[in-house]
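For reference, the structures are reproduced in the following blocks.
Both complexes below contain subunit A, partnered by subunit B and then by subunit C.
Moving on to the complex of A and B:
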């Protein structure tokens, strides 16, 4: 009994630093954000802040000038594009490289390189690519006689094209990241399984479809969660490329939150958006986990 | 010497014409003196040695020569900023005059600085001295007791820094900022392109101006470049059009909350601006460009006109190929019944302030005045704007473009401060949002005034 107590105390003491860090860095700020979201906090000090209950939430959902629904819609669209375009592309590359093609390491490095580059640098790079006056995109289109394809206002200045133009660098940057995750999974699939399937007459495509992909489902789940939550939290690249413009066409909750917090000094409203973003990320992570659980290859729930 | 007199006179007279109230954010109020007697007390000029010697008389009890400390400063004078050289020259001079005071300074890009300084203030992780915009931007920090009051130190500099120039950083009768330069919105023109369209001078009336734009279009020259990705650049055009349509007084009343936005004349002015956009006077690609890109295009001869702050005179003057081609004027009057030439957009906004949390606040305060005076001096010589301080030393090297700006200001009858500086942060962003929508033709004048009347006041 004494030993058990001693062991429990020891375990607790070893856990304590991590627990303090977890509460201090993660839990406490979330709680504080929830508290601030209930106040009309319009200055950098908490002096004179007024309790308004769910007033910020109500304003966020009903105000036409804040455009939260537009921002949320853009985030969900980015998440959908990530899941249905970026991840299949990553999976395709991972399956291809996982077979052991010549120059595998070089390809891995090339695909992963954008992940290592600062997002701000990537943003500036793509701003140059899209530039209506000297951008390489227009130059290339011009070679094919399609120089008039650019929409009015430029690629990043047109409401219809801006979101797509923001998505392309995102895809380019993170396709290597997801590919590396999946590649690690593909390489961990036992060669015996592949060999057995081949002996049974399975083609490469069938091996991938019925052996490899089911085996790496846990990694696919992680990738989907990262892609969706990453899209919901996306900020840096959009901030550099368009800062949410033109006319909120590329607005996402993060850019809206920064606008509220640091440009409008509406700290209560900014906290409200932060709380909603946390809630959405949790909700999607749970939903995605549940979806993948339902389809577990072993039929377990 | 003639230029010095012009500058001294305009400094004395210009500021009393407008901005009688600003910084009303957070309960802070302006105490700008309105008597011209007070402002005319500013000397026409003073010699550098005299002014420096006077500064050593320490009524605040601070002697910079005896001080020994390290100060931190944040500003926006990045490598690409017009003011960079004036900061470097002033800091170098300060370092040689006060070797025991070490100044560690960092410069940040304009837009990101606004975010950074607010976050730093919230976290109380601020430098001793910081760059700020006057009126509402600084007012928010003052209302939160984050800024050191400069009254005691200012008493030593009153003869060199007219009280009227302090108006935009004065709250409840107390001084909180050291102004550097003052600027207005100028209509810059590439005369080479205008000549191609048959114009030897910048048109003086609105009808001629529009005819000039049409002539430029016919020649395949884009009349205007405007950076849509930085909405403040759009306000430089829109505010000029509104001011020259409804008059400076009416515009000041709206900006300062004394009148509603729901004003049909404002709607008509906005429609006038929008018709210039829809008539193809503006580069359609400008909506996705930054101000640096648009300015580079203007200097490369892509646009005939560029309306922006007169701080750009420095960059234009530094480009020896472009400088001979450029001229500056004020935007022509649209409605002569309401407005007139001499009604300008601008005023002293660039300011240095001291944080209340500074361990060496008193030293930092005096250092800021000395540094501000030198930045102003070099900034004026470089053509970054007109001096908020009484000029000293030899100013004969000031470029011709800045001298033209000085002449425009000398004939000024009224000023309206930049809208996003005059309003508090929330209102300014709402305002900028509507301005962007006007530029993008998402809303018309009616939508502009009704939206602002609903969302701001």
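Moving on to the complex of A and C:
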């Protein structure tokens, strides 16, 4: 009995540093975020803050001065672009690499490199690439005789081109990440299975379509979830490139949240946006998982 | 794996399409590699160029005159050395704290038998899915009340907490590979749990420590949102925030900015050259669990 108490105390002591950090910085603040989102909190002092129920949510959804719907629409558009442009590209690269080409590791390492570089560095770099006067994009276009295709206001300054110009660096940076996940999956497909299919006369493309892709479905699910939730949460690159402008053309929920906190001192509203973002991320993760499960059932029929 | 497929067993036409396909595959792979590398190459070259070269004389080529003085300028005109030092301090302390906390927690959850240890593990794993946005407002308010914004701790504590889940995940994998017999032998030799932990387990966890350190390093070194919100004092800015400030001030001179970008990226590149495999593996592990 004494031994058991000693063991329990030891276990507790071993867990203590981790628990303090985890509960203090992650769990408690999430609960506080939900609470703050129900208050009209306009200063650091939480004393005397006014409980307004779902008032923040209502204002967010209806107010014309807070462009929440625009921000949400933009991030959903970015999510769709990631899923339908970025992920197929990653899958293509992963399938090609998975065929056992020469220099496989070198390719892999090059593709993954942009993932590791700080988004601020990448943002600043792409600002230079897009620079209206001396940017490399215009220089490259000039080589093909298309020197005056740049929209008025510059690539990042034009309302209709800005969101695309924000998406391209994202694509450039994260294709390698999804490629790595998918490549790991492709590599784990049993070579016997491929060989059997080939003996039966399947072409390379058929092997990919009917053997490899179904095998890596769990990883594709993870990639789709990451691409969608990542777009909903995206902040760094947009903050560096456009900070949500011009005229909210690239506004996303997180830039809106930071703007609420530091331009308008609306901490309650900032929490509301944070809570909604998290809720949306979880909702999308659940929906995407369900969609993939359903597909599985049909696949088995 | 591939070699075995190319035995004489395959039909002739498969071989033939293979060759054509193979060329296409190489073209595709090389094309994307070039797309990946070109902006990085361009960053390196304009960091060594004068404005005249950047502005039209020589936009894409290698610098005609290698202006290393851009690097000197980047290090002396702004506060780059300060930002760099701040990033190093914040990152190193974060790594130490999350390593210690993760090692201890993982030991309790994998080597000691008690009820609810798997539940505790799943609880910690929640941390992999929770985004930092979820907690930024309450943490900011709490730090402000404690007058702790504009301090290293205002970044170190949140970074440690957010690195913890991943650190525990990696630790668990490595610790499960250590044979349980060792603990029993140590117990018979009269080692208590603490002694077993310090003398047997920790020394065997060295490869895990390297993987965790590099993963945590990448997260802290590049983090922008918290650093941007919690730090406004020039002397405490980390590299991501500092570079933002620097580029805001010197918009006309490209060389030194490019040099600053290269300097900020250099430690990452160095780590990647030596540890590319374990870096890639830790990213895969994190994704599959999360």
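The working rule: the second predicted complex is superposed on the first by the 269 of 301 C-alpha atoms of A that agree within 3 Å, B and C clash if a C-alpha of one lies under 4 Å from a C-alpha of the other, contacts with A are read in each partner's own complex, and residues count from 1 in each chain.
Everything below uses one rule, namely that a contact is a pair of C-beta atoms (placed from the backbone, for glycine too) under 8 Å apart; a residue touches a chain by one contact, two chains touch by 3 or more.
Source: prediction; values computed, not measured.
In the three-chain model built by superposing on subunit A, subunit B clashes with subunit C. Contact with subunit C, but none with subunit B, is seen for A:92 once the two complexes are overlaid on the shared chain.
Of the two partner chains, neither subunit B nor subunit C is touched by A:286.
In the superposition on chain A, A:262 makes contact with both subunit B and subunit C. Taking subunit B and subunit C in turn and counting the residues of subunit A each one touches, the greater count comes from C.
Of the two partner chains placed by superposition, A:9 touches none, neither subunit B nor subunit C. Touch criterion met: A:277 reaches subunit C, while subunit B stays clear of it. Look at A:33: by the touch rule set out above, it reaches subunit C but stays clear of subunit B. The residues of subunit A shared by its contacts with subunit B and with subunit C are 44-45, 133, 258, 262, 267. Subunit A contributes residues 42-45, 47, 65, 130-133, 152-159, 242-243, 245-247, 258-259, 262-267 to its touches with subunit B in the complex. Remark: subunit C residues 1-5, 9-11, 14, 17-18, 21-22, 25-26, 28-29, 32-33, 35-37, 39-40, 42-43, 46, 54-56, 59-60, 97, 100-102, 104-105, 107-109, 112, 114, 120, 123-124, 126-127, 129-131, 133-142, 144-145, 157-158, 160-162, 164-165, 168, 193-194, 197, 218, 221-222, 224-225, 228-229, 239-241, 243-244, 247, 254, 257-258, 261, 264-265, 268, 272, 276, 279-280, 283-284, 287-288, 290 touch subunit A in the complex. If you check the complex, the residues on subunit B that touch subunit A are 26, 111, 114-115, 118-119, 121-122, 140-141, 143-146, 228-229, 284-289, 293, 297, 302, 424-426, 429-430, 433, 436-437, 440, 442, 451, 455. Within the complex formed with subunit C, the residues of subunit A that make contact are 7-8, 10-11, 14-19, 21-22, 24-26, 28-30, 32-33, 36, 44-46, 89, 92-93, 96-97, 99-101, 107-121, 124-129, 133-134, 136, 139-140, 172, 175-177, 180-181, 184, 191, 194-195, 198-199, 201, 203-204, 219, 222, 226, 229, 233, 235-236, 239-240, 254, 257-258, 261-262, 267, 270-271, 274-275, 277-278, 281, 285.
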